[in-house]
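For reference, the structures are reproduced in the following blocks.
Next come two complexes built around chain A: one with chain B, the other with chain C.
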Partner chain A sequence: MDYNWNWAIFGELSPDGVNTYWQMLLSGLGWTLATSLAGWAMALLLGTLVGVARTLPQRWLRLVAGGYVELFRNVPLLVQMFLWFFVVPELLPRAAGDWLKALPQAPFVTAVVCLGFFTSARVAVQVAAGIDALAGGQAQAALALGLTRGQAYRHVLLPLAVRIVLPPLTSEFLNIIKNSSVALTIGLVELTASARAIQEFSFQVFEAYTAATVLYVLVNLVVTAGMHAVERRLALPGTLGKY
Partner chain B sequence: MASIRLFVFLTLALVAGAIHAQQPPGTLAKIGRDGYITLGVREGSVPFSYLDDKGRFIGYSVDLCMKIVDEVKKRLNKPVEVRMTPVSASNRIPLMANGTIDLECGSTTNNADRAGQVAFSPTIFVIANRLLTRKTANIRSLADMKGKTLVATAGTTTLKQMTALNRERNLGMRIVIGKDHPESFLMLETNRAAAEANDDILLAAQVAGSKQPADYVIGSEALSLEPYGIMLRRGDPAFKEVVDAAIRAAFASPDFPRLYAKWFTSPIPPKGINLNVPMSPQLQKVVANPTDSPDPAAYR
Partner chain C sequence: MDFDFDVIRRSWADVLLTGMTFTIKLTALAMLGGVALGTLLALARLSGFRPLALLAATYVNLIRAVPLVLVIFWFYFLVPYVAAWAIGAQEPVRVGAFWSALITFTLFQAAYYSEIMRGGIQAIPRGQLDAAQALGMRYWQCMGHVVLPQALRNMLPVLLTQTIVLFQDVSLVYVLSVPDFVGAAARVAQRDGRLVEMYSFVAVVYFLMCCALSAVVRRLQRTREASR
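Up next is the complex of A and B:
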């Protein structure tokens, strides 16, 4: 391959005249983290609610939750990003649409909402699977003790289910960090977009993407380590799980 | 821990392998050996390189590239299959550097920065960067954009120039990025940006193809002068000579005015839009005296 390597490029000033390329990369990393963490918080909350709804005795609730999952799980993320950014504001009343488009961080807000809904569908399936994996007797025993259904979920079913689905939830957490790069298609300058901008301004493609790759791997290693610590912390001797 | 060490080892091995990869043979020899040439083409750079309604890549740059292919066939004295690979503004330079494409037939500015990674044919078109706005927005020049939102396409010289101008002139513009030219126009069309900065010829094509062409106006202020060239690999003088000869011959041919008229002053597929852009004095100069200079001053 005929290519001029230049690792010193990161110290150079970018065309905006203020930041070096290295600072551009770090700012991108910041947006990646902010987007993924906010999206993850939303996904956990919505995903747990929808996942619980999928296991309730009320048939209509299960149907609604199932529809939610199919809707957000089956449309490609790239398409959802486009729909939320370009189509939804046009469907809203004129004033609301204009307000949305004029938000100072419209791409960020859109990316968080889109990733939050997309990932929540996947979290919901995992939470529901975790609850279903518990022996049916757990719920009945909790109810027989005089707990209401809400208390049974809060004190018995969810705490046990969460321990079972922690490993797939870790994968989902890693996924949302990587998926946040799709937000570059709506103009959010996150890590991948920063690497691309460096490439476009300096033409040092491989250096820029190498740096981005290393940063993604580092972040994901930290998340993996953190989630392992959580797993160990929550482990109950004698139940499912490694610890 | 062992898995992390293995991962680091594999990554280093991969990078080392990439650095020590074999130098490829000259492009002409490679085409002769493989029996095919790969053209990098664009999906939405009307009228230089784009898809028609039958899914074929057509355009002014594609036509010129086919003339280069004819010259290659003549030099090699054997048939050469033409393969087309869609590229984007962002990936065209890496795909050229790693040998995926042999020629890039799009709307690519030849500038001094890019000379570090790629080479260019003689200039095939000369454009100016301008602003596209809605008539109702009343924006006459870049100075009127103070504090407003501007869209430019990722990977373009325009984006880089606008970023620099924003700072030099203290405009405080918010610059948003479209991933390709159609998306940049979509940002303007849906009022996410007050203006789109782009090459005037591409803007003319966007307006002509839009739902309400009468709503838009292309600014008269030329923010730059840029030569377009067909991109090839750097450091391959033998292939560059073939490309140069083919383009010079095309310009000198009595058929050239017809080739120009086919794309710029006649209805073009797929919608039969006529861009109505007569040959600029800058391009006339280039056709009379072909040059591959990246210096804008050479075209004034």
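Up next is the complex of A and C:
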């Protein structure tokens, strides 16, 4: 069984006549990063809010937050992607739905919203666990000092909890980068989709997927190194993280 | 907007029975294969033979760095070539969607299961191994009779949680146009132009099944903690 290796394929012009295959791959990488970063921003914000809600004394708030997490955790990401892309525009008032479907970057917007909600449920679990891991005295001391509950969270609990949950948040960040590939099912031409397109146009299966794999691994390494630096900078003096 | 939820009644046998059977079969077989292979990978990573440990670590870290969709494409094209090479055929071998998907998910999940099993093995007190060796057991006897059964037992809830993730991930075989639960529903949805109804149906079924499964895992965990 022979396979005709041809790494020079990436320098060749793709069927669109403008870009080389290499440029196609890089554009895919760009969409992967843009989708992941925008989704991550949304997930951090929503996830922190829901995570905090899970630790509040109000029972109904905790229940709502728990339901939120269960909802986004128990439906496969692919199905959620289809719900946001095919179902939500139909459920909205006609004008809003048509506007959504006509957006020039509808797959990108949908993917960001979908990944944002999906990942926020995971972030919420981590944030709540981080707050729960703090000694109960922290919250009581903050309240005893006369801080309101909001101030206690903002100035005492969250800054401490964030440092505890940085490692799991790094994994979630790596996950959202990988998960963004599911958006190819709704037509977003991110990195995996670009590799598949290159393979379909050029028949160079192994070169296309190898290049995509190498890029994913590189992004992984950069993110891991970056988060490591953040972790080191934020480590609390006097804990095992700081030496 | 007019909805026609009757489409679910008309197609449920095809979608829910045939599609879901495919999904569950793939999940169950990939779990068994993945746990078995993952345990071997974990043992390889913990082995004193450095090259083997390095090879296993590279495999696990590589698989975990790449999205599942990309891995699905990789194996979809790789498996026919490897099969042709193995049996000395001239042309890539047609493997079929089910086998291709099963091999993909087994190899992919093995990397994740192996990390769970590695944690489980490392949590076994050193004295257990020493005692087994003192009884005259060889390496595989120590592992097979003393270490692995305990590791497997301790990690059961985590392994099951990972299996729920696998059950959801199997939906991604959609990209191979395989008639799993989502694939079968998508076919009906596109044929009848009933995307809203079919995809909502799929979401509800997944939601209920995964909630039930997680409840079982939670209960298992509670009874184990109580009995400890």
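Keep in mind that, in the parts below, the second predicted complex is superposed on the first by the 237 of 243 C-alpha atoms of A that agree within 3 Å, B and C clash if a C-alpha of one lies under 4 Å from a C-alpha of the other, contacts with A are read in each partner's own complex, and residues count from 1 in each chain.
Please note the rule applied: contacts are C-beta pairs under 8 Å (C-beta built on N, C-alpha and C of every residue); 3 or more make two chains touch, one makes a residue touch a chain.
A quick note: this is a predicted structure, and the numbers were derived from the prediction, not measured.
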| item | value |
| --- | --- |
| Simultaneous placement of chain C and chain B on chain A, clash or fit | clash |
| Chain B versus chain C as contact partner of A:Trp5, first or second or both or neither | first |
| First (chain B), second (chain C), both or neither touched by A:Pro159 | neither |
| Which superposed partner A:Leu71 touches (first chain B, second chain C, both, neither) | second |
| Touched partner set for A:Val205, first chain B, second chain C, both or neither | both |
| Touched partner set for A:Ala195, first chain B, second chain C, both or neither | second |
| Contacts of A:Val79 with chain B and chain C, given as first, second, both or neither | second |
| Partner chain(s) touched by A:Val18 [first = chain B, second = chain C, both, neither] | first |
| First (chain B), second (chain C), both or neither touched by A:Glu90 | both |
| Partner chain(s) touched by A:Ser181 [first = chain B, second = chain C, both, neither] | second |
| Clash-bearing segment of chain C relative to chain B, given 1-9, 91-99 or 217-225 | 91-99 |
| Common interface residues of chain A - those touching chain B in one complex and chain C in the other | 1, 3, 86, 90, 184-185, 196, 199, 205-206, 217 |
| Residues of chain B touching chain A in the complex | 4, 7, 15, 18-19, 21, 23-24, 89-90, 93-94, 97-99, 113-114, 116-117, 154-156, 159-160, 163-164, 166-168, 176-179, 183, 186-187, 190-192, 233-235 |
| Interfacial residue positions of chain A with respect to chain C in the complex | 1, 3, 70-71, 73-80, 82-83, 86-87, 90-91, 94, 174, 177-182, 184-185, 192, 195-196, 199, 205-206, 209, 212-213, 216-217, 220 |
| Footprint of chain A on chain C - complex, ascending | 1, 62, 65-70, 73-74, 77, 81, 84-85, 88-92, 168-169, 171-172, 174-175, 182, 186, 195-196, 199-200, 202-203, 206-207, 210-211, 214 |
| Contacting residues of chain A [partner chain B, same complex] | 1-5, 14-18, 86, 89-90, 98, 101, 106-107, 184-185, 187, 189, 193, 196-197, 199-201, 203, 205-206, 210, 217, 221 |
